[in-house]
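Look for chain A in each of the two complexes below; its partner is chain B in the first and chain C in the second.
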Partner chain A sequence: MTSLSATIKDVFNEPSCAKNATKSEAEKKKGCTKQLQPGGAAGGCAFDGAKIALQPFTDVAHLVHGPIACEGNSWDNRGAASSGSSLWRTSFTTDINETDVIFGGEKRLFKACKEIIEKYDPPAIFVYQTCVPAMIGDDIVAVCKAASAKFNKPVIPVNAPGFVGPKNLGNKLAGEALLDHVIGTVEPEYTTPYDINIIGEFNLSGELWQVKPLLDELGIRILSCISGDGRYNEVASAHRARASMMVCSKAMINVARKMEERYGIPFFEGSFYGIEDSSDSLREIARLLILRGAPEELMERVENVIAREEARAWAAIAAYKPRFKGKKVLLITGGVKSWSVVAALQEAGLELAGTSVKKSTREDKERIKELMGQDAHMIEDMTPREMYKMLKDARADIMLSGGRSQFVALKATMPWLDINQERHHAYMGYVGMVKLMAEIDRTLYNPVWEQVRQPAPWDRPGDSWQDRALAEIAEEEAEIAADPVRAEAARRAEKICLCKNVDLGAIEDAIREFGLTTVEGVKEKTNAAAGCGACAIKIEEIFEASDIVGLPTDAQTIAAE
Partner chain B sequence: MTQNADHVLDHFDLFRGPEYQEMLANKRKMFENQRDPAEVERIREWVKTPEYQELNFKREALTINPAKACQPLGAVFVAVGFEKTIPFVHGSQGCVAYYRSHFSRHFKEPTSCVSSSMTEDAAVFGGLNNMIDGLANTYNMYKPEMIAVSTTCMAEVIGDDLNAFIKTSKEKGSVPEDFNVTFAHTPAFVGSHITGYDNAMKGVISHFWDGKAGTVEKLERVPNNSINFLGGFDGYVVGNLREIKRIFGLFGIDYTILGDQSDVWDTPTDGEFRMYDGGTTLEQAANAIHAKATISMQEYCTEKTLPLIKDHGQEVVAFNHPVSVKATDNFLMTISRLTGVEIPEELAKERGRLVDAIADSSAHIHGKKFAIYGDPDLCYGLAEFLLELGAEPTTVLATNGSKTWEKKMQALFDSSPFGKNCKVYPQKDLWHMRSLLFTEPVDFLIGNTYGKYLERDTGTPLIRIGFPIFDRHHKHRYPVWGYQGGLNVLVQILDKIFDTIDATTNIPSKTDYSFDIIR
Partner chain C sequence: MAKVVTAKKACVVNPLKMSQPIGGALAFMGLRGCMPLLHGSQGCTSFALVLFVRHFKEAIPLQTTAMSEVATVLGGYENVEQAVLNIIKRTKPEIIGICSTGVTETKGDDVDGYIRLIRQNHPELADFPMVYVSTPDFKDAFQDGWEKAVTRMVEELVKGPVNPARRDPTLVNVLPGSHLTPGDIEELRTIIEDFGLEPTFLPDLGGSLDGHIPVDFTPTTIGGVGVNEVAAMGHAGWTIAIGEQMRAAAVALENKAGVPFRLFERLCGLGPNDAFIAFLSEISGRPAPLKYRRQRGQLIDAMLDGHFHLGGRKLAIGAEPDLLYDVGSFLHEMGAHIEAAVTTTHSPVLENLATEEVLIGDLEDLETQARGKGCDLLVTHSHGRQAAERLKIPFHRLGIPMFDRLGAGHKLSVGYRGGRELIFAVANLLIAHREDNHQVAPDSFYDSRREWANDSGAAIATVQRH
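Presenting the complex of A and B:
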């Protein structure tokens, strides 16, 4: 039994994580301790990450050991879909109280397990650790072990109390729980050469079901999906799959990698978002299965299905061309790879006004340039004001983005379509892209946007608050442009590292002062890129773009002022 | 027995008991000449067909399930909106009992109203004596400050002359000579309750402005800057008028609400019975002549009243039950134009909030089809709002809708791409609506309580907006006018949409994969 801290360290060393691979030895030791910034608006905790990763297992009782806060706020908050049991939606918690905090909550947890088994008899119970019982020393691993033995039923400890770190760490710790206690504990009734695992897919809005018929048609069996519409016994027998697909999110990369290590199951990272991506993923599944001994003819059948589905999807998408003519899209995405959607948008005749590249890699950016041309408007971070200005200049008719930008978009009178997790439509697979076009069409032609964009009719032209705000921006920009000192200051004030709050000027100064040539160096001197690391690309671009080393001294003087 | 003195069941459960079920089954078998169930089923299915619809629409004489009420109901509505005024309906008393119960069931408040209780001999010899006695008794028993007389059909058929009768009654000392008795002829065989509203309101106004039936000098109009407001017949009068007062208050303008029912139909439970409460004072009613302009929220409720007011030199503006953002914009801008006061910042903010709410939720309404029935102005206002939301008001029906209303509705449909497939049905009833709901199905039905039968028979979810609402409580407290009102209507529509989604995704392990917490 590994301790929690050992598990965390292990997770941090994940060799398949691209981010880890770029780290120095010293940093690796420190782990992904993306120190949460006190006072900042925080994302979810490790517990939340673990819970959302495992919650889509539908026939399992998910028991949260802690005070009401943890389960009370997270009960059934994801739109994952189940084709069977709805037990996963039933909220189980030990709801510990003051007495438990003083005397310990282990007995209550044990009893809660007993009562779940008596009342529901699920194939397994997942017990989630939270901050309070972890702090008072409740040993959930021991309790789960005792309960498993006593009731002859898998009771799985998911040891990811909130304080150990952010949501993403929780995802990974959830994966560790599966690896330690679940995967490999049950043998499947039968196996086929076409058995695969899909890892890191949560069947949001039932979107996996849009792809599954194609796999069924090809005779490819999803032996287990972790964790969308998952069943306990399926994931427990996942070790018999021939290949795994790691869905683009890196949330559970450790599961895929360790299953390869332990059971020799090869995996690839793929996605079913976008037409090309779907085809690539199907091909990759076939390739790996054939590699593991499936008949060669599989690939031919896959190619046939791809050809058919692509033709259908492109035809359906092309039908939107007349309605989308001249319409411009602003694409702001987090999880979904921009370029995989860009191709479909362009096929439908939409113009890309810009796309976000915040989480994109260098290759992604290159790909976008290829698709959109050199003058592609790539947006690193867009303030609501910039977003608004872009709209006002008629550079976008609609914004596609995640739910987080929703309210900003609306306040900025920007037509908006949700393409991230909490959406209510499934965009996966070939039909998913067609569905996306249908939704874009609905959104573009929804009369509410006209309403949203128009100021109150009694506002005099040029005198609405929006006009005033825009005028202010223009004025400010003009002033800055006219004043070289302020222009330089504004240029230098651009935030490069959001985690550590480091601006361009500080980085340039450091580069000059210490003659830096690498991101590592910049990090050491300025602390930039020491948080999530996403700005490393931006720092590289600073090296590329500037002749900073040779900056004249008078500019340095200006900078010093 | 399933029921005994220690265990009393209500009717929900009682008649489901075996002994009642057996009794009812026997009765059907032995006495009811029961039809072949297969034949009953065949007919049930047949009335859903276009073939039946064609026959249904050929109906000439018979009205089935009309969506309207009679003139005196509207007259009573007007009367209770004036200070210490009792509605007096000249005619048969049964009618009056209906008005009282109708309003009381909707507003969950007592509604005071008296009748001249005409009987057979009055029908033969005329109702003068009933008027004389009736006014005297009313005056003595209920101590009103004004009596507003309207008529039922009975009095109209025999041609009772209200003006003369009231004059005679005063001569006979039923009420003091200078006591205010307004009147309006309101036969039920003409028009509907909205016509009755119009006639009664016109009666009150001309009484005060035009010399009280020739007993005093006509008033001389000395124009000032205030605004008169006519709400029309309105089931949301309690919430609406309070909202309107708030809006006028924000403008900081002088105004007179002609007919203010918001207090009498919402009296507090504090130990005191208020037969009268609130209302437009008689002084206000008289002084309203000096106003700069009069606004009517419901054009088809004020077709005669507005011309009368216009003849006195005021500007008159009519709206069609504004609910949409655009319609409320127009309403507020009209007030602003008439009074020269700018639209208050608070209202501009409320506008933004409504637009925000619409944007947050419109994806769920966009593209949905609705059937609407109700009074002409309400239908118009709701259809206009739905078009604004990107929904299709596919079927709009008003039993009391006129030809001019039909044209106006059609023009509204023509103004929006979402109105392309929409049809307007004036002078049609709810049995026509039933056919339409089968042959041209919609996603939701908007109407009053009587729509529940249509909901049951056609499976079209009913959104209860209109009058009367008997089977849901307190809807009348929430405004449907102003941006706040638009928000309320939006929420009501959304509630039903989400309830419907939930109700169709709740079968465990079958459809409940979409039984989501977050919508």
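Presenting the complex of A and C:
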């Protein structure tokens, strides 16, 4: 376990992470893991994250060492697509029993490797550690080493038992396994000046194939995709690429950075979600390849492809303009993290409800992303009543969000589209954005919404739950409006930090009492922004909204009168 | 009489089995205002959540004690306490159901002791309903977790003993096994009510996971049987247990409150429903309503129409013991031959399945046997889809999880109507498969006949099958 804790420490100390770079030494030591709240947590464990990151390698046997829960409850539940082997969808687990827990599961694990090789003969086996064998001290690194030697086949330990942290830590630990045991172990058959790695792309719903034809056309070769539609020998020879693109935000930043350190492969963080981002990413790939010695004419070809694809995509999207005229979208996502989704929605004539930010500076983009992330947080706790009201208030016609809010949205009979990773449609690249518009159109104009909103025959007019909800809410609002003390209490009750459950009133009081002027100060006194940190911008807005330091609160003023 | 064999492999390939904590959690989801809580790492809960959301296509209430590595080693009292307090604060549940997992059982957390301590330290929770069930992942299977959770609910929540004179003969307890869907529960409710009886289901997934639109929305279960209703189950005249897995809970209820029980091992097919209707008639003192006499006729008609398609089929079936025994037996009664049967855990009913051998194993075993024995019908949960694709045989989805088709919660197998629906579903599948893959061509018979001439009778079967 010492080596695992060392790895975790190393992963936390990520110099390329902008967030990490701004932290104090003490904070860095704590790592970037959000402290989990028992009874209030959601989300996968480190093992889940490791498996998500590596399972899209299609020809590898993925063996989970643990009790049946870890694999039996979860296998074949990801929508990654393969152009070749389907072995990745075959589930392997040691399903350890009580006897193994008492006497240790190492022998069973070794035998399991043997059985897999005899029956399926994959190019490699990835062995995933889980909590129970980690607790009883099964040394999977040693077992994998012995199995590799005995069967003359790479058997790779992925040491990310669930209880060491959340999913994103698991992503990174998976990356460490690749860096330690896989990358650089095989030489590619040939190399070209146009070889790239794509890191952190999982080919969900086959979305990589919305972009790959363009790369093929440009003669850019994906030497290795980590890990969507990837193959073992490709990732093992990824160290010979000329440049890397890191997608999916920071999931595998450690892989990109360490490959730069070890093999001198430059990388950039990019995205293929949205038209502008796609173009930027293609340019960046070309720039890095040229930097590494590819002929300069590549950029011209890239620009030509971009011009052609953009023109096509914008033309296709413009066709939706008459259909989308006057329609409002409520976009709530921490998921598809791309400003250019917003740009594409606007280009198609959709109005964005709830956000007033116009596309301008980089900061504005960051801002809207973070705000939408916050709202995504919040919406999971909403009742249909509140959701219905929010949609009414926003006068939105359709909501785009992540899968977690699906059932709340649908029960509020609200047109809804999944734009996060569980979705079934591929939205990458230029064709992907056009596809997104088609899906919005299909959802928006489905006559089913009129149907499902019909009152039941036993409902009297004005007595549906929707009507009742709105009436109740209006009544409450009227009461509050008539009562300044309650109005102030309601204003102060607005939740600013959802992670640490801190409301506006507490923050205002702290600002006044201690004369705070910075987010850091507020964090210290109220614990707000000490969780995911996304509400820091809301706190800045409180500072911006008015110079409240030193002023008495409204409530105090009213009381004084 | 079937021989029950356990597979001898170090590596399970394509598991049929799921873990028992989530079987326990699903049982708790049949209680009203309940928040099930898994005492383990956050992954234990998140995998279960994804599984049930994909199966039921509903929001699923399920929480975690979020055990970290350090907490696991030091013991989880603080985590359980905090989780309980947080859940009560955030979601205002009527009851919390706690299942242990592999991690916390390996450490040996004494959760019963923790709950006592929580009640001591927080007097306001002295009477707050909390039920704990021990369900280590490294033992038993999904069905066992359900069985244990329901038994614990009876032990903790049912009030007893009851004065036999105060028993209300119109009240009937129903203890459904984990193999029944919310749709099955609704069907049973209707049937029992049609006899003038008032059923209480424990657990009642028909009330909570049937996909209704709630008027107001809670983060806990939205329906199901209430804690007070469970407490009153001791007053009922009878308990009906469905599936051998419910025997323990029925016995516990009898011991605690003196309610006699009748266990129905099966409720799919003609014979089992005749026995069920006869029993309801007997305890209610009413004749079977006309509706069921007509439904019985419809089932017989469906059996006659369906036997052309199901007769002689070579069936490969993988399911948990009670579901395997119930549906497997019915398909056998329709003329299918159970050539390969795989299950997840031990149960006394397995020996009674009309086949030679029942294997406690995985879907790789089922696929291998199906291939070896030339099976031409695969019945198992959605994870059988890859095997079906490779085997190129018709595939009927049965059990949890069913994530790649809609309506998992409303699949019906109980009652005369359930049998009728099942026959139509399977027979239509077989017809569609034949139309898609086995159109007769000029050389269809020529090739077969040549084999027949050279070989044994194997080819005859091929001709007949297609």
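Just so it is clear, the second predicted complex is superposed on the first by the 505 of 561 C-alpha atoms of A that agree within 3 Å, B and C clash if a C-alpha of one lies under 4 Å from a C-alpha of the other, contacts with A are read in each partner's own complex, and residues count from 1 in each chain.
Note that a contact is a pair of C-beta atoms (placed from the backbone, for glycine too) under 8 Å apart; a residue touches a chain by one contact, two chains touch by 3 or more.
Given the structure is predicted, the values throughout are model-derived calculations rather than measurements.
Once both complexes are superposed on chain A, the partners chain B and chain C clash. With both structures placed on the common chain, the touch criterion links A:316 to neither chain B nor chain C.
Using the contact criterion defined above for the overlaid structures, shared-chain residue A:489 touches neither chain B nor chain C, since it reaches no partner. In the superposition on chain A, the chain among chain B and chain C reaching more residues of chain A is C.
Once chain A of one complex is fitted onto chain A of the other, the partner contacts of A:86 extend to both chain B and chain C. Residue contacts after overlaying the shared chain place A:447 against chain B, while chain C stays out of touching range. By the touch criterion defined above, A:73 lies against chain C but remains apart from chain B after alignment on the C-alpha atoms of chain A.
Of the two partner chains placed by superposition, only chain C is touched by A:161; chain B is not. When the shared chain is aligned, chain B comes close enough to touch A:206, but chain C does not.
In the superposed pair of complexes, A:457 makes contact with chain B only, with no contact to chain C.
By the touch criterion defined above, A:411 lies against chain B and chain C together after alignment on the C-alpha atoms of chain A.
Where the contact sets of chain A with chain B and with chain C meet, they give residues 75-77, 86, 411. Interface residues of chain B, counted against chain A in their complex, comprise 325-326, 329, 332-333, 336, 342-343, 348, 351-352, 355-356, 358-360, 362-363, 366-367, 387-390, 416-418, 508-509, 512-519. Residues 36-48, 63, 66-77, 86, 89-98, 100-101, 107-116, 119, 131-132, 134-136, 161-166, 381-385, 407-408, 411, 465 of chain A are the ones touching chain C in the complex.
By the touch criterion given at the top, residues 9-15, 17-19, 21-22, 37, 40-51, 54, 57-59, 63-69, 71-73, 78-80, 82-87, 90, 101-103, 106-107, 136-139, 141, 213-219, 383, 386, 403 of chain C touch chain A in their complex.
Listing the residues of chain A that touch chain B in their complex gives 75-77, 79, 81-86, 206, 410-411, 422, 424, 442-443, 445-449, 451-452, 456-458.
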